[in-house]
Structures are given as structure tokens and as C-alpha cells.
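Here subunit A shows up in two complexes: once beside subunit B, once beside subunit C.
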Partner chain A sequence: MTAAVISQPAQPHQPAAAGGGLMRRLNVGTAVAGGVILGLIGWLVAHSLLQDDDHGSDQVVLVTLTCWAVGFMIGIGAFNGPIGWALGRDLRREDELFLAGKDQGISRYFRFTTDHKVVGIQYLVVTMVLFALGGTLAMLIRTNLISPHSHFLNPQTYNAIVGLHGLIMIVATIIMVTGPFGNFIMPIMIGARDMAFPRLNALSLWLIVAAIPTLLSAAVLGGIPTGWVGYAPLADQAPPGMDSYSVFIIIFAVSSAVAGANITTTVLTMRARGMSWNRTPIFVYGTVASVGLAIPAFPMFMASQILLQVDRTQGGQFFVASGGGSPWLYANLFWLMGHPEVYVILIPALAALMELTPVFSRKPLFSFNAAVISIAGIVGLSVMVWAHHMYASGWAPDLNGPFMLTTEMISVPTGLLFLVILGTVWRGRVWTTVPMMATYAMLWNFIIGGVTGIYLSDVPADYALHGSMFVTAHFHYTLMGAGLTGAIGALAYWFPKMTGRMMNERAGYISFWLVQIGFNVTFMGMFAVGLAGQPRRVVTYAHLFATGNLVSTIGAYTIGIGMLVLLYAVISSWRHGDRAPANPWGGKTLEWTVPNPIPLENFEVMPVVTSDFYGYGEEPSTGADGEDAREPVHAGAPAGPAAAVVAAAPVEGEL
Partner chain B sequence: MIVGGVAAVAITGFVLSTAGATPGLLKATVNGTADTAQGQLPHAFLNLATYPDSEAGEHGADGGAHPDWVSYGPTSNFEVPAHSLVTITIDQYDGGETITNPFFAKVRGTVDGTMTVDGKTMTEADPDAIGHTFTIHALPTNQDPLFVSVPLPAVSDDAPEVEGTDYPAPHVVTFSFITGGKGEYVWNCEFPCGDGYYAKFGGPMSTQGYMSGNINVV
Partner chain C sequence: MSVEPAVADPPRRHSRIDYWRIGWIWLALTILLVLFSIWVPTRLMGPPASPTMRAVESTMRVFSIAASPVAALVWAVAIYSLIRWKSKGRPTEDGPAVRGYGPVTITWAAVSTVLCVFLLIWGLAEMTSVTSAAEASNPLVVNVTGQQWVWTFSYPDEGNVESDQLYLPLNRPVVFHVTSKDVIHSFWVVQMGIKVDANPGVTTKTSVTPDKLGTFDVRCAELCGLRHADMETAAHVVNPADFTTWIAQNGGHT
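Now for the complex of A and B:
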């Protein structure tokens, strides 16, 4: 596959080819129509042929959901390229420009568009939709737990909501940084004109869009009673909602593999001339580390779901002990994905904060090499800690000690990342903005999440705390307190570049404080009831936990309001915010050298990098107009200083 | 927009909280008092049944969404008075086989540790011919403990159907227990009977309104 639009230097204002054909009429509407039609056909055929089978209901659901996904992808145009090749045709340049969304206005966001900036925005919107769904479910969970016997939700509905909330939020946090910013920002940051495989880029996005309805279908198919982990053998016994879970995971794993290969290839082969590894921005390291971990991790999860589907639809016994299978097989496959996945989420979020902290501290990133080595250390160790989730399961108790050791070891490189950020802020000329406040919040939250993680890595302590609300509070402190906070910081930082508008600062501050105060209230209360013994995933609880749960629910409502304020800030600023200059923060990385709006092919001339991007203390911190870069550059000002970059002459066939 | 967001969450919650298929509630009938080891207590009665399908209970004559699932009837949510003697009579119409866990073949937690089956007093059932159990558990909350478990003997596979019905003559199982203070308890069948599901713990065993439900002591 060749890059669709990046193989030539920029040719601004070249009109897209007129005319059309079916390919040019495909969009999300035709995708939904294709999914519904093929899904309906699949259901009719499967229902007539398979319903009487012992596993008929599961087979029907599997066939229907698979047909939906295939129909959706056909309808969005994902298979146009392969079909064209099969017919002996490759895309013409005007086709490639059409695919890149050239001159299509807002409609390009509803198509199979290959421009990485469009895909980045699409990822951002999908992530926000997922957070809205998962957050709504969180509000319902906390409402049910507002008192010991609230009866707000019946037990089955509660179980279904807990499972859906967990899985939706996990997926949202996995894509929240590498999706929007890894696609929009990262290629520009390395000086590329697009991703290595633009069509695969669009494919990864639309696979997730196709998969979301399959997951939501679980709500009307009996729910996911297993929690987000989908543990067998309960998953073998669960209603057809479990088939929705499996199909969703399988599609998502394909999407993440495609995205991972694309991002990795892009960074390895398309960095600007002069961008050696020690001049590559730390965010790029974080993105590559994240997808590099995901590439081996998610196939494990996919394999577990394929085996589960063999159990559920064909009478297999992979996870059924009475049939010679092993539930521990599922647990191992799951956590072989599950713990690396924590770092798939965390590393890019921390890397984004490491990227923006030097900008707002006006200092170089403290110990760049230590940061890179720490990321590499976390990546290496994160695949050797999975069984700490299984201390209490009875699997290989002799390995509890070694897994305790590796788990505690991973706190060392993680701690180093803390020191990198603290060292960067130390004695800096800190410009306290919403992105920078996200850094502060992450430091506070991740200390709590990290320290409680060390407690849980300890086998005796874990035996006492396993399965309690303490665990729930711990992982929310890491994934939300650190991960999501980092993603929000990244959004506030790159919002001007992605939208061309400045984000409403006042609303950003209000949202920040509401979310952070609400977050700490919610999960401190959860730590308290967890330490007192409240188990996870229960619809009712003892009266002695009532106060802690009431506090947590009040905190959760505060988070919810704060998130709505953030949503308001994003949408209103996107539509009506002040126009952003090219480099409002005085950043030095390459994305701040391109104008707003960013040209289709990003760079008029390909940049050449002559030093690293963190030399903030090595020269006057001035904006492009000579003003102190601690103040925003006025709208309309030229791009700020990218002192490490010199513009090169157009390079024909550079990429 | 923020108010709209809060409203959207609230509406979603309201719909979900009311849309769940919560089974109907059957209240015990109090009829006089009874002399017990704890003195004279109100005497409450419940009449239940277990069926080999779902066509005789609250799911309707067509069996609802899962007509071939075994079920309790007339519902699976019950309400009984606190500090009372509760007598439950179950018409057991279903067949059976060897129970998975013999612990549940014995009568536990009833008055005198006994039940009557077709008028005959028993302390246990034949573990090789049990259809279901009726087992009450306490939730881990601050309420009086309550554990009652009664095996329901299986109806013979070759028993003829009673004329005018789709079922054979049932075994009539009666037992009594004494409730403590107010509380919320769950009950379920402890003999996995979700045919077609692994270990038979899925389907009717894990869905409200079939082989599990709630008992509220009020």
C-alpha cells in the first residue's frame, strides 16, 4: 500500500476530481444502512438455520453482529481499495485526494477519509462519545449505591451497567491519547505529511465505530454479568450479551493491531531529516511505546474471545473445568492483555504531559534519556506482571513471589517519570494554564494510585484487599486520575492546533477544579469503604458502608457536572472561540510551525531538524513577535519559534 | 447545555430503573398465630410451584422470552412478615436427577429441620432424584441471618400428565421457618438446572424471574 496523498509535495488548491461513482457517495449513513441490511439478512438466515441448535441463540447473535460489522465496513467504503485491486485497478490521484477529504468541508468527517488530521478529529469525537456513554453509566451506578438498598436499579440491570461501564471506559481510555493526538499531532510532530498507511488509519477508526453498536447490543441481550473482565466460566454461562462482548473485543483487537502497525511504521520510517532518536519528542516515544505494547497484548484478548465463542457457539470446553478446560486459561489470556493495557493507557498520557510541561515551565525536559529509559523499562516490565491479578485465584501460588517482585520493580521506572516531570517543573518559570494544571493533578493523583498499587502488589495485602472497592479506587486513581487527566491536559494543550480556536480558559478552570475535587472525594470515599471490606460489583451493601458510599456518590455527581462543563468548553470554543495563532504557547515542536488551518499535506517544505525540541532555557523564550512567550501570541501572528528546525527546500519524493 | 446533560443522564436512569423486568411481588397471607419455640408468632403462608417450563407462571401462557426454561411460579419475589412463622407450600411438577452437591439434599433451617412431602415428614430427599431446591441466603448486610434450604423431590419421568393440564401430579412439599427482623434476602435453586448452559448455571439459573429471586422480610 502506498501513502495516498503524501507522495508528492504540497499542491495547494488543487481541486478534487469532479464526477463520482458509488465510492464518492459512501458515508456514515450508507454504512449504517449497510450494517442494518446485512445484519438483518444474517439474522434471518441464522435464525432459520441455527435456532434449534443447542447453542442456537449464541450462534444467531454471533452471525448477526458479524454481518452488521461487515455491512457497516462495506457501507463506509473500507473495502473499496481491496476490491479495486482485485479488479486490477489502483486509485488515481484524484481518488486519493478525494479519500483525503480535500475540499469536502465538514462532510469529510463522516466519510472513510484518510487524512490523519481528519482521523484524529474523528477519534476525538468517538472518544468523547464513549466517555459520555461510560460516564452516564457511572452516574447510574453511583446513584444506585447512594444508599445500601436504594433499589434504583434491579440487580440484572445493575450488573449489565457495571460491565458496560467498565468496558466502554477501558476502550475510551485506550484510544483517548493515541487516537486523537497520536493521529492528528504525532505525524506533524515528526515532520511527516501523513501516516505511513492512510487507508489503514481510517480503517482502524471505522472498525471502532462499527464495533460500538455491537457492544451496546449487550444491553438488550441480557447484559454482561461478568464485569469488564468477562471471566470464564461465568462467561460460558452468561446470556447472549456475552456474545456482543466477544464480537466487540475481536473487532477492537483488529483495530488496535492495524493502528499499532501504522503508528509504529510511521515513526520508524517517516521522521523528518535530522530527527534522530535523541531529537524525537518524548510524546512520540510515548505513542510508540503504547501501540508497541498493544500489538502483542490485544491478540491475547482476541484469542480468549475466539475460544470463548467456540465454547458458547460450538460446545467447546476451553474454559469449562468439568469438560477438561481451564478457567485459568481465560484468566491468563485476559491478564496477559490486561496489565500491559494499563500502560497502553498511561504511557501516552504521561508522555503528553512530559511534552507540555517543558513548554509551560520554560525549561528543557529534565533528563530526556531517563524518560526514554523509564518508558522502555515500563514496557519491558509490564509484560511480566500479569499474574498479580491472580494471586487469590489459586493459579501457580509458587509464582506469587516472583510476580510480586516484578510488580514492585515496575514502580522504579514509573517513579523515574515522576522525577522527570518534577525536575522539569523545578525552578521553572511556570506558566499556570489548564494543561499545566493537568500535570499538577496527575502528580497528585498518580502518587496515590501508585502507592496503593504497591500495597496491592504485595501478596498478603492483596489477599485482604482483593475484590474490594479498594481495588476499584486504586485503578480509577491510575487510569482516570493520571490517564484521563493527562488526556484532558493534552486536549487543552493541542486544542488550538486541532481546531484553530483557543479553548475557553474560564470554563476550563471551572471544569478542572470540579473534576479534580469530585474525583478525589469519590475515590477517597471508595478507598475507605474498600478498606472496611465492601466488595466490588454488588448492588446492595451493609449499612456500615453507607456514609462512604454517599460521599462517593456526591463526588461522582461533582465529576459529572465538571465533565459537562468541559464538554461545554470544548464545543462552544470549537464553534465560537477566539481564533488561535499558530503557536499560542511558544512551543518548539514541529506541529507549532505549521499554520492554522493546517494545509492538507501539513508542510509547504519538508523540515530539517538540527537540535532537540526542549531548548527552552538555552535561548530567550520569545514568541515570534519578540514578546515573552509566556503570553499567548496574538491571533494572526506567524508561527512561533521552532528554533530547532530549519526549513528545507521542497524535497521531491522525500517520503 | 449542562442542564441538558444532567437531564439526559437523569432520563436514562429513570428509563433503566423502570425498564428492568422486575418480577411481580407475592405477599404472604397471615392467618392467625402459631405456637413456636419462640412463643406465639403470627403465621404466614405462601403457595409456590416449580415447573419444567415457563408457561404456567408470570411469563404467560406462551412462556415469554424463554418458554422452555424451568421456572418458579407464580412469581419469584416474595414478601413475608418479620418475627413470624412462615409456611411455604411448593407444588413440584418437574423431573430431576442426581443432585450436584449432596449438601442440598438435606433439609436445613426449617422448624425441626423437617419438611413434608405429600404429607410424609422427611429430613432429606433421595439425592439421586431431586428436581430443584428452595434455598434462602442472607446478603452480607447488617440483618438477621436466615438460611433455609429444602430439596424438592423429582417427579418420575414416566408419571402421566394430569388430565386437562400439561403436567403430571406434583409432589407437594411443605416446610416452615421463623423469620427474624426486617431484611432483604435472596433465594435460589441450588441444583444447577439451566439445561443448555455450561455447568447448567446459566439461563434460568442466572436470570431473575426463573430460578432465583428475592424475599423481603417486612
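Now for the complex of A and C:
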């Protein structure tokens, strides 16, 4: 456990060893250089050896992109540790501190830095960049669909954009909560000094950074003409942009496995003394459920892409019927990832809202046990429902009934989560901050997303609706209306802790209303045209659907403006917002007990937990009165919200 | 740090009237949602052209009506809490320390389980009726082939008549044998509520009994490449006599 290493008393100062000098010069610049150089070498070699083959261009792209990613990871310094160990060197105390980004100011955000707080901020920025990209593409899609034959985009560009939009948004939503908040907040919330494997933490982040250019390279390689699902055999005949897709997914799957192992280990082994499972905050459960569910899910996706690459570069025919392959194999592998992934996205977002609702209602979380059981139930069921995406595929019609059963059963634990939130606000003192409004918006949107999901779980209704805009509207209501709304709530909630500044409240409200109203307008319009029979992913459509599409486009522009306002609020508040007190909302969880800015290893003295963190109304009200909240709280002298926490003997000796 | 004295008996911030008001909001929302459920989805889906589509539309209606009181309850409590329990700015005191109330949780879980079982039974019953109806005696067989980006229909028992538009006789069960020459397409007759993927290398089946004269839309519901959007054609449901004539005109026999 590297955290244990870090927390040992500093060893006597030694002069920097030869290896240390190199390590200290690596950053995102050297990473890009490494990626470009190795990518060029790979391209030259592959180009000269493979060009004449049937699958030549795909092989060249595969080799080049793989070389880029490996070069990038070498250039960022991801392999320094393993290489050092192989050579029999271990990191010294100064190296550990350097890796953790100690005293490096802003430059630590551009390095392979292990401090979980740095990684959290890096994830936040990566997520925002992905949303900006995916959102821009969404605007292009909606602009094209403003009228039945707008000719704004040609069919090839349109299909490429639809595929990229889908995949970018899926990745952005997968990492949007567990990335920024799971890394920055969660370790503090459980009273840890860092993650269990800080270097794996940096690895998971930089793998995504290395992978994003491989995905974007699809834009110049003919695009991803298959939608985000990448269904074979359309994917077998697609241009080399499809290879970009495969390489991206394979790297992303590795990243999610690394992050999953790291976060689950951290929560299992590094919770503060006294933090038994019934005192562990619900957000921690949500994070673990999400990354834990990703662990079995993403290898399926990775496997599908490896097989697809064998098809595309070696003539493997796994998915080509004329060669004995089966398109249904691809679809099954894909949805074995694809449905759990929905809950990989949703659970942490809902858990973040369940975490902040007690704070802004000043009441304990209603029925904590029901919340935990529901999350566990959703996780368990969500790996047994994948073929509801394949009712109409013709694969195993006899299984449609059983999959309808498991799918509809998910509504029971999901429904309980609504009760948990409603029970919490019931007779509370509801403080309608931006994060709390996100909870309310989720209640509105997720009901609509859930009910429309019930239609789609019904086999005959799905025969009518599958592949239509109705489905598109439905999953945007869940992933965006509930998921992204929850992530925005989480951002507004933890912004003061992560940046040390308060987020501009006015801009926050303006953005909230623009986004939520625009969202409902957009996707109500889309439900309407879907019911009327408009297929998904079409570049032109019948005149019958014109009004609904126009409405959707107007709504989408409203979302776009709202998101720009949010971006403005985040950037301007981050740079010169009001300084945030340590505990601006009067929360009770441990992250609010550490001062702003948070010291390198979070806690001077390790906290010991004596009760859970939802004891509103059970003891003298704390944190609620402004005087107290404005003072930084020192972990060694718990005050205010830290009343549930008593200081323990320094833990150095114990580790 | 100012410590408030422990309040032994906090002032009651709720009363029976809360339940009544929430009840009224709930009732109003439920009525609105039920009316919406009865009219809007089926209006948007248009008049059904087969018993299958009729079943789908009644499912949409029944599921929407069943979901209405649940959605209304969630929204009613949410709206009420925003009005009645909203704190003006930062709250100065905590709410009651209610950590849960078993009977409510159990009732909630039980009601949603009952609803879930109802949905399942409804769905299974509907599924059986929809699939069994068209497998009746003497169905018309139509082979459907998708390829980038056209549909081809052929009638094997009528002398292999081929057409790029679908012609069906009124009120006779039809079984479609669907396949593809290249990538996955999805054969969708919108107003009849049937859809099945056209997969290369295998044949999938779907069936329907058209019971409305007219021209309907056949669309491809699976992204299949460049001109996916254009992969649509017409389904004509005609009187049996006209169908026989059409077959004969195209060199077939019935």
C-alpha cells in the first residue's frame, strides 16, 4: 500500500538518484511527443510491410494507434515504476512525494501525479472536455434534423457524427461521477490518505487521456458509421475509423478495470477506524457498485473489439455469417456490457444525490438499509437483463419472456430509491441550492425515463418501438435526465471542496433552468416522433415528423446555451469565486472536516468514526450556524460537523 | 461554536393537513396523467392497422394508467416539499431525526412488486396472443430480404412473385421470413406494430394479420450504412380479390 509508505516518517535526505531526474521531467508534453514518435515509427514500419494486403489499411491503423498509446504512456512515465522494480530499484520518500505532486503548483495537473485529489481534478477536466465535444456533436446532429431534408450534413458525415457523439457521451457519463468525485471526494469521505494504489489511479486516468485521441482519429479515418454500438457485420465493412473505435474501447476497458480494482480495494481496506458498513456513506456504496459492476462488464466489450479486430485485420469472420460467424455473438457481447453500463452510469449519480439530499434537507437519509439493498439489487439484476436490447433481433425468441421478467424486476429496487429521497425531504428543512434542485430535477426526469423504460421492457411494445427515436428519448431521460443531472448536482455540491471556492449561484440557477427546460422540450419532442414511427440515426425523415424534430432542435439549443452558462460558472468561479469555508453546506461527512485547501495527505490525524454521518436532528445542530462553518476545521481538533469524529492517536505507528 | 439546548419537544412542523394537501395534489396529478395516458401516446402512434398494433396501443395505455398514480405520488410529495418544507435560505435548525419508517418502506416495496407482477403477466399474455394469432392455418408466406438499401418481397407460394413494395390481402394472417444479404437491417411495418431484424445468414420470423385497408410504412429500424434513412417502402393492404389480381399481373398465381 503506497499510502502507507507515504505516511511513514520522512527518511533522511538523500541526493536524487539518476532515475529520479528523468522521472521529474516527464509530463503531458513528453507524453504527446512519445506517442507521436512511436506512432510515426509504427506507421512507417506497418506501412512498408503491410500495405498490399487485403486488410492492409486496417492493420496500419491498428499498429499506428497502438504505438501512439504505448508511446504516450511511456512518455507520461506510466512505466517508470514497473521498470524501476524490474531493475531492482524502489522509490524513495522524495520520489513518492514528487509523484504525489508535492509543492509543484499547477504543473502537477499535467503529470503522472498520484495524489487522488489531483487525479480527481484531472478526471473532472477530462469529463468536461468530453462533454464539450459530445455536446457540440449533438448540436450538429440536431441542426441537421431541424427540417426533414436540411442537407446540413451529408449522410456519411452525419453517421460519423452520430457514432462519435454516442461513444463520447457514453464514456463521459461513465466517468463523470466515479472519476472526479470517486477519486477526489470518496477517499476523504472514508477517512483515507489516498487510494489503495495511487499509481494505478494515475494510470487509469492517463489511459483515458491516451485513448481519447485514438477515438477522435476516427473523424479523419472515415468515421464510425455504426452508431455507438458498433454492430457487426456493418462494423466489418466500415472504414478504418472503426479501428479507432476498437483501440479506444480496448484501452478504456483496461482503464476501467484498473480504476475498478483500485476503488474497490480502497473502500474494502482503507475505511477509517470505526467506519463499519452501516456507517459508510451511501455515495461510497454508489461508487463501489458502479466500478464493481464495470469489472465484469467491460471485458465483454473488450473481447468483442478484439474479435472485431481479428475480423477486420486478419479476416477472422467471427461476425461474418458467410464465414460461419454470427452477428448475434457481437450483439450479445456488446449488451453484456451495455446494460450493466447503464447502471455503471446511473448508480453513482443517484448515490451522489442521496448523499447530498440529507444535507440540504437537514434530515437523516431515509431508510439507509433500503438504499443499500436497492443498490445491491440493481447491481445483481442488471447483469441478467442484457437481451432486452435484442427482443427484435430474432435471437432466441424463447428467452424474451425471461428477460422481460428480470427487466421489470429492476423497477422494484429502483422504485425504492425514490422512496429514500422522498422520505428524506419529508418534513425536512429543504434548502433549495443548485445541488438540491438537481435532486428534484432527477425525480422528475427519472420517473419519465423509468416509465418509458417499462414500455420498452414489454416485448410486444418493444417490437413496435425498438430502433425508433422513442428509445433515444428514453435513454437520454435516464442517462442525461437522471445521470448527468446527478453529476451536475454533485459538481455543484463538492465544487467548494474541490476548488476551494464557491460556485456562482446565480449562474448555477440560470444554467439549471435552461438545461432542464431545454432537456424536457428536446426529448418530449423526440418521444413524440418516436411514437409516430421515426427511426433512430436517420439523416432525413418524413414530413410527418417535422414539427417534433423542430421542437427537439429548439430544446437542444436551449440545453447548449445552459451548458455554456454552466461552463462559464465553473471556470469563472474556479478562477475568482468567493473563497469557500471548509464546510459551506453544513455537511457531516468527513470531506467537510478537512480544511481548504486540503493538505497533501488529507488528514493530519486519522479520524475515528463513532456514528454514521446522517445524524441530523439527533444532536445539537452543528455546521448550520454560519460562524462555526466559516472556520477551517482541523482534523486534530474536531469541531462542528466533525463532532461525530473523535481524534485518535496518530496512525503512523499502526500502519 | 454555539450549541443549541437539546429541544425535548420540537414544535410540530407537520400535521394531518399535510397528508390531505398531498392527497389533493396527488389526485389532481393522477387525473391529469391518466387523461394524458388515455389520449396522447395512442394519438401519436396513429390508428392501428393490425390486432398486434391494437394490443401494443392498449399496452401503452394500460401501462401509462398504471404508472400514473406512482408518478403522481412522487411528484406530489416533491412539489409539496418544495412549497411547504422549503427553508428560506440556509436552514437554521435540523429536521426531525426520522431514519426510516418500516411500514412505509414495506408498503412501497410491496406495491411496486405487485405492479411489477401485473406488468409481467400482462406482457406474457399479450405476447402469446400476438404470436399465436398469425400462426393460424394457411398463412400467407412472404420472404423479406434486406440489402443496402432496399427491401425485396417475394411470395414463394404464389409463383415467386417479387416486388419492392409489400402487398398484403386484408384479414389474412401473414408470416414474414426475413433475412439480409449484407448487414443487419430491421424489418418494421410501423402501423402494424411488427419488427424483426434481417440478419445475414439466418432467417427470422414475424407475423401479423393486417385488418385495415390502406398504405402503410415499411422502414428499416437498424442503422445499416450510408442510406439507412432512405431504406423505406410502402405496404399496401388490399382486398383479397385485388391481391389475386396483383399477383396475376406480376406473373404469379394463387
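Quick note on the criterion: the second predicted complex is superposed on the first by the 615 of 655 C-alpha atoms of A that agree within 3 Å, B and C clash if a C-alpha of one lies under 4 Å from a C-alpha of the other, contacts with A are read in each partner's own complex, and residues count from 1 in each chain.
Please note the rule applied: a residue touches a chain if its C-beta (ideal position, glycine included) is under 8 Å from a C-beta of that chain, and two chains touch if they have at least 3 such contacts.
Every value quoted in this text rests on a predicted model; they were computed, and no experiment measured them.
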Touch check for A:Tyr541: first (subunit B), second (subunit C), both, or neither?
-> both
Counting only touches as set out at the top, which of subunit B and subunit C does A:Pro233 meet: first, second, both, neither?
-> both
When the two structures are overlaid on chain A, which partner does A:Ala376 contact: first (subunit B), second (subunit C), both, or neither?
-> neither
Touching partner for A:Ile554 - first (subunit B), second (subunit C), both, neither | neither
Contacts of A:Met23 with subunit B and subunit C, given as first, second, both or neither | neither
Which superposed partner A:Ile161 touches (first subunit B, second subunit C, both, neither) | first
More subunit A residues touched by subunit B or by subunit C?
-> C
Pick one for A:Ala303: touches subunit B only (first), subunit C only (second), both, or neither.
-> neither
If you stack the two complexes on chain A, which partner ends up touching A:Leu40: first (subunit B), second (subunit C), both, or neither?
-> neither
Between subunit B (first) and subunit C (second), which does A:Ile146 come into contact with in this model arrangement: first, second, both, or neither?
-> neither
Subunit B and subunit C footprints on subunit A, overlapping residues = 155-156, 225, 233, 237, 322, 535, 540-542
Spell out the part of subunit C that touches subunit A in their complex, as residue ranges.
-> 1-4, 6, 13-14, 18, 41, 44-46, 52-53, 55-56, 59-60, 63-64, 67, 70-71, 74-75, 77-78, 81-82, 85-87, 89-101, 104-105, 108-109, 112-113, 115-116, 119-120, 122-124, 126-127, 130, 178, 182-184, 186, 188, 190-191, 193-197, 199-202, 204-206, 217, 219-230
Contacting residues of subunit A [partner subunit C, same complex] = 155-156, 159, 162, 225-227, 231, 233-234, 237, 321-322, 326-328, 361-370, 392-394, 400-401, 404-405, 408-409, 411-412, 415-416, 418-419, 422-423, 425-432, 440, 443-444, 447-448, 451, 454-455, 457-461, 463-464, 466-468, 528, 531-533, 535-542, 586, 614-618, 620-622, 624-628, 639-640
Under the touch definition given earlier, write down the residues of subunit B that touch subunit A in their complex.
-> 1-2, 5-6, 8-9, 12-13, 16-17, 19-22, 139-142, 184, 194, 196-199, 201-203, 205-208
Which of the residues in subunit A come into contact with subunit B in the complex?
-> 54-55, 136, 139-140, 143, 148-149, 152-157, 161, 222, 225, 233, 236-239, 311, 320, 322-323, 535, 540-544, 560-561, 564-565, 567-568, 571-572
